[in-house]
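Each of the two complexes below includes subunit A, the first together with subunit B, the second together with subunit C.
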Partner chain A sequence: MSEHTVRESINRALAEELERDERVFLYGEDVGDYGGLYQVTDGLQDRFGEERVFDTPLSETTLGGTAVGAALTGTRPVVEIMFGDFMAIIADQITNFAAKMYFNYGDGTGVPMVVRTTYGAGDQFGLHHSQSPIGWFQNVPGIKIVAPSTPHDYKGLLKASIRDDDPVIFLENKLRYEDEGEVPDGEYTVPLCRSERKRKGEDVTVVAIGGMVDVAMEAAERLEADGVDAEVIDPRTVVPLDKEPIFDSVRKTHRLVIVHEAATFGGFGGEIAAEVAEEALFYLDAPIERVGAPFTPVPFAENLEEAYLPDEEDVIEAVQNTLGR
Partner chain B sequence: MNLNDEQRREIYENLLFARRFEETVLEAYESGGVPELPHLSIGQEAVGVGATYALSEDDWIAPSLRTRAPILMRVPLKEVTAGMYGTVSGPSEGRTTQHHMGSTEHGILGTTGMVGSHLNAAVGAGLSSRQLGDDRVSAVFFGDGATTRGEFHTALNYAAVEDLPVVFIIENNGWTEETPIEQVTAVEEDLIEFAGHDLPSSVVDGQDADEVLAATSEAVDRAREGNGPTLLEMKTYRYRPHAEVIQERRDEAEIKRWKQRDPVKIYRDRLLDDGVVDEAWLEDLDASLREEIEASFEFAQNDPAPPEETMYHVYKDVEVDRDGGVVR
Partner chain C sequence: MQTLTLPKGGKTMEEGTVVEWLLEEGEPVSAGEPVLYFESDKATSEITADEDGVLLERSVAEGETVPVGTELGRIGSDDEAIEGADTAGTEPTDGEPDPAGKPEGEPDPGSKPKPNSDPAGAAPRATPSARRIARERGVSLSAVAAETGVRQITRDDVEAYTPVGADTNGDDVTTAAEPDELTVEPVSNPEYGDVLGSPWARVLAANHGIPLSAVADETGTDRVRASDVAAYVENEPREPGPEPTGPGPDAAVGTEPVTGSIDEPAIAREGPPTGARGVMFDRMSTVANEYASTTTVARVDVTDLVSLYDQLSAAWGEDVPLSLTAFVVRAVARSLPEHDVLNAEVTSEENVRVYEDINVGIAADTDEGLLVPTIYDADDRTVRALSREIDRLASGARDGTLDHDDMQNGTFTVSNAGNLGAYINTPQINPPQTAVLGMCAIVDEPGVVDGEVVPRKMMHLTLTYDHRVVEGATAVGFLRTVKSLLESPESLLS
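Presenting the complex of A and B:
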């Protein structure tokens, strides 16, 4: 084990997969010589050459369309979309093409492509460089959506995503690139479509996604001081969802709080709430609480953005609500 | 367009105004921070100033992320500066950054952070102009990078097919963020080669405001007379990195070479040579612009932060609460 940042973990995952499988290649705007806007692909072009790691024109449709075509014809493209907001531009290629080709072909052909993108507010980048696009894609069967929370998971899940035969949207939280954590030195992957219990607890289940897992973990620490024992579940792959561990946890704790960054209304939390209402309603001792953003675009002014983003206080308040405090 | 002395002085004022404004943004950013990450256009001022000068006041302008001068020419300075600070007096009362601002009052088409997604919107302004018969021309500014998106092709094609009153202005500064444009475009020399559509196009010296003005005036006249769009490629250069957080990796010599053709200096020297201004006038102008700009920063720095309800400004015709519910 050694300490690595999220950025390093992603970089190492890419390097290892480029090394391991010559069908893998990596491309996007400024990912080559410059090493990506967030420097995630730093050094990879030097190491693997311009044929494996390269820049493209400013065109997300070019990226999305060519990645689908490449994935259908024997390679395993990894695309970087600089900001998750630009996923709206390649939404056509993802929803109508990548997500549907396995269904459309009769011979088992898959679409092994990964679209890495950044998401999230907190940098005062304004309404078009801060969004969290999970909700835009969660209703599209055929696409996998992965949102890791620790350096360990970023690395293991990215490696698994690259090896996966389905199209994957791999979400990287902008505020988390510098986060450090323990990462195994040797080879490992983290399986897709498996949630993980990040914290064991008895009193309340908190399901948190991506960058909000840390927020939930910190809230749980503070709640413990108050005598509340929270269990935190990180789905890691948001779609398709590993539901059983969530149901099991709720059957044990009888309370559920869901935390994500995008707007609560129409967000992924609603889906989890509905699933639990169907499967475990009578185990609940309190109404389900959702923590998310208000139903507005991401505002720019510092105080507004702060009010917009869910934080520990919001999680603690929601947990207290489920406990009737 | 034949310019009298007063007009020439006015053009110079606008060039220097844009230059001093952005220099002040940079100073403020480096000394204590400006909340909006600056994407400075220093070095490219002649494109915006010359082109805006060719338009009439109620023509539409659809800016790129880097089109600063036209905004400064049309919008009160305090509002622009406050926009960078996200305070209540900014164009959206702090909801959004200044460089995406929209203002119907000032003829500025609001835009998105998706580079190039505004080209078809600008063609849409041309459609309105035709429907309403109001003779307004739509001028859309965009970087070289935007020419590699499909939007560029579809917008040019449709404007040309419909003979819409649109002027397409490429601010070709040679770089799309950290990638040299020639590395990602299959043209021999110029981006206008991409056009291939049935519309007039030309390459313009974007460092010379008079050249920009002349080329744009011709295009505006053509548009207003109902003869359709024009594509202009302004060769220019930004002195600063793409955005202030980004590492500079362009060649020192390249930057130096371009600085020798500085748009503000070219214009000043010409006015001096022609006896249109003298040193004393230039100094007075500089002092008064600096004062006005300083005052706007002081204003913005003391302008209040927006109250939380400012962000619940999502639908125009229905009241919706923070949880997305209709308020009855």
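Presenting the complex of A and C:
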């Protein structure tokens, strides 16, 4: 085990997969020479050459179309979309092509492509560069959506995503690139579609997604001082969702709080709440609480952006609500 | 005067590099024009002038990397050149230059602004709605800019310039009146009055047989949660009710008042198993929980046996109620001494009791359930005597005329489900015995005799034994002995 940042973990995952499988290649806006807007792909072009790591024009439509085509020919493209906001531009290629080929042909045709993108607010990038696009794609069958939270998971899940035969949207939280954590030194992957209990607890279940896992964990630490024992579950793969661990946890704690960064209304938390209402309603001792952003674009002003983003206080308040305090 | 400082372009930005100065010192600049480009770890961004004036000083050279907040230079009027030099660094920056930069990599202005361009001549910036209103009203944006002194024109600026009274169509949604705050009244529930319970609280209350209203009265709440039910139960030990069983809701949902419409199957009868069925319940529970029951099967050619049975039946007539079971009991009684651990009882974990006497129990189906009367000293009885005893015990079992002794002291059991038609049947051990033999149906099947396929009568014998105390080899050896005796049936008559 060694300490690595999220940025290093992603870089290593890409390097290892480029090394392991010659079908893997990486492209996008500024990923080559510049090493990526956030320096995530730093050094990869030097190491693997311009044939396998290269820059493209500013055209997400082209990125999506070429990736689908390349994947259909048997390669494994990894595309970087600089900001999750621009997933709206590549959405047609993902939704109507990448996600549909398997079902359209019914002969095992797969589209093994990975679309890496950054998401989230907190860096004062304003309303066009700060969104969380999970909700735009959660209703599209045929793609997997991965939102890791730790350096360990970022690396293992990205490697698994590249090896997966389905199209994967791999979400990287802008504010977490510098986060450090233990990462195994040797080869490993983290399986897709498996949630993980990040913290064991008895009083309330907190399901947190992506960058909000850290927020939930910090809230749980503070709640512990108040004698509240919170369980934190990180789905890791958002779609398709590994539901049973959530049901099991709710059956134990009888309370559920869901935390994500996107707007609460229409967000993924609503899906989890609905699933639990269907499967475990009679185990609930309190209304389900959702913690997310208000239904408004991400504000630019620093103080407004801070108010917009869910934080530990919001999670703690929601937990206290479920406890009837 | 404007002090140019390196802005913080994002939370992770700590330093930046001056890429290019667009002006020489002393060169004039208009408000809104870019003065220099800098590069952070994210992208290249520009810093623009806030006011008209000249570039008084470049404090940082091109290519130099400095921390966020460093003064890069100053803009002011010509006469501020000296005064400004004295106060450099003490004057607060008014107005942050474009802090977010253009991280997406939007092309920076392709043509660099002309330093000498006339500010009044440049097209002012305006928001889309300001442009629309200006267009609708035939107002020149340049005129608005000139009038208001604003370079980034908003809708308000245009409206301020043309304060036409007609603009009251109120399409400004942000000023819509707030609706009165809703007052939430508790919903009255016919089952509980004004008391509401969480789903889990209802489940717990139902499992304890407690009305929610009682919990509400006791705990003084009309919003009952699981903790209230728990507190109520703790305070009312006189009426504990049944413990909640199992995980709760899934099992209890049928008895929940709120979901009482679920159709449960109609009950024909219920109650504890009694009499022989009670005995069966207890004994089979013992076997299931404690025994290592294992079954081995032999296929026996009973062609000759059936033939002999037919001959003797004709010869002995109705005087003797001859049965095939008698032949099997005879064979069993002969074979048991050699495999005596099958003629035994497990009396405790530490004790296996092997019997010398051979008392064979015969399973008999009756209206009251299965009875197993005993043939004492089966090894001392002939086929004829066994047949008579089996007949007596079977009819006694049916009529309920057996006495106490007839029903105990068995050391081994034979069960004939063959006459009920069972092709293969594995009866369960009658504890504390260690084995039971099952007889199955006799069926006509092709067999091989002296290399020829001929019609034969075949029967399965199944031996179920307690593998804790009986080895498999013993069980198979016993079955082989019984099989060879039954396949040479005359030997059973001696």
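FYI, the second predicted complex is superposed on the first by the 325 of 325 C-alpha atoms of A that agree within 3 Å, B and C clash if a C-alpha of one lies under 4 Å from a C-alpha of the other, contacts with A are read in each partner's own complex, and residues count from 1 in each chain.
Everything below uses one rule, namely that a residue touches a chain if its C-beta (ideal position, glycine included) is under 8 Å from a C-beta of that chain, and two chains touch if they have at least 3 such contacts.
Bear in mind that the values here come from a model prediction, so they are computed numbers and not experimental data.
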Which of subunit B and subunit C A:58 touches, first, second, both or neither: both
Comparing the two partners subunit B and subunit C, which touches a greater set of residues in subunit A: B
Subunit B versus subunit C as contact partner of A:286, first or second or both or neither: second
Partner chain in contact with A:125 - subunit B first, subunit C second, else both or neither: both
First, second, both or neither for A:304, with subunit B first and subunit C second: first
Which superposed partner A:175 touches (first subunit B, second subunit C, both, neither): second
First, second, both or neither for A:254, with subunit B first and subunit C second: second
Partner chain in contact with A:295 - subunit B first, subunit C second, else both or neither: first
First, second, both or neither for A:30, with subunit B first and subunit C second: both
Overlap of subunit C and subunit B interfaces on subunit A (superposed complexes): 29-30, 37, 58, 83, 86, 124-126, 128-129, 300
Subunit A residues touching subunit B - in the complex, by the definition given at the top: 29-30, 33-34, 37, 55-59, 61-62, 83, 85-86, 88-89, 124-129, 263-266, 294-297, 299-304, 307-308
Touch list for subunit C against partner subunit A, complex: 10-12, 41-43, 99-100, 103-105, 198-203, 223, 225-227, 247-250, 252-253, 256
Sites on subunit A touched by subunit C in the complex: 29-30, 37-39, 58, 82-83, 86, 122-126, 128-129, 175, 177-178, 251, 254, 280-286, 300, 324
Contact set on subunit B toward subunit A in their complex: 35-37, 86-87, 92, 94-97, 100, 112-117, 145-146, 148-150, 176-179, 183-185, 246, 249, 305-306, 308, 310-314, 320-325
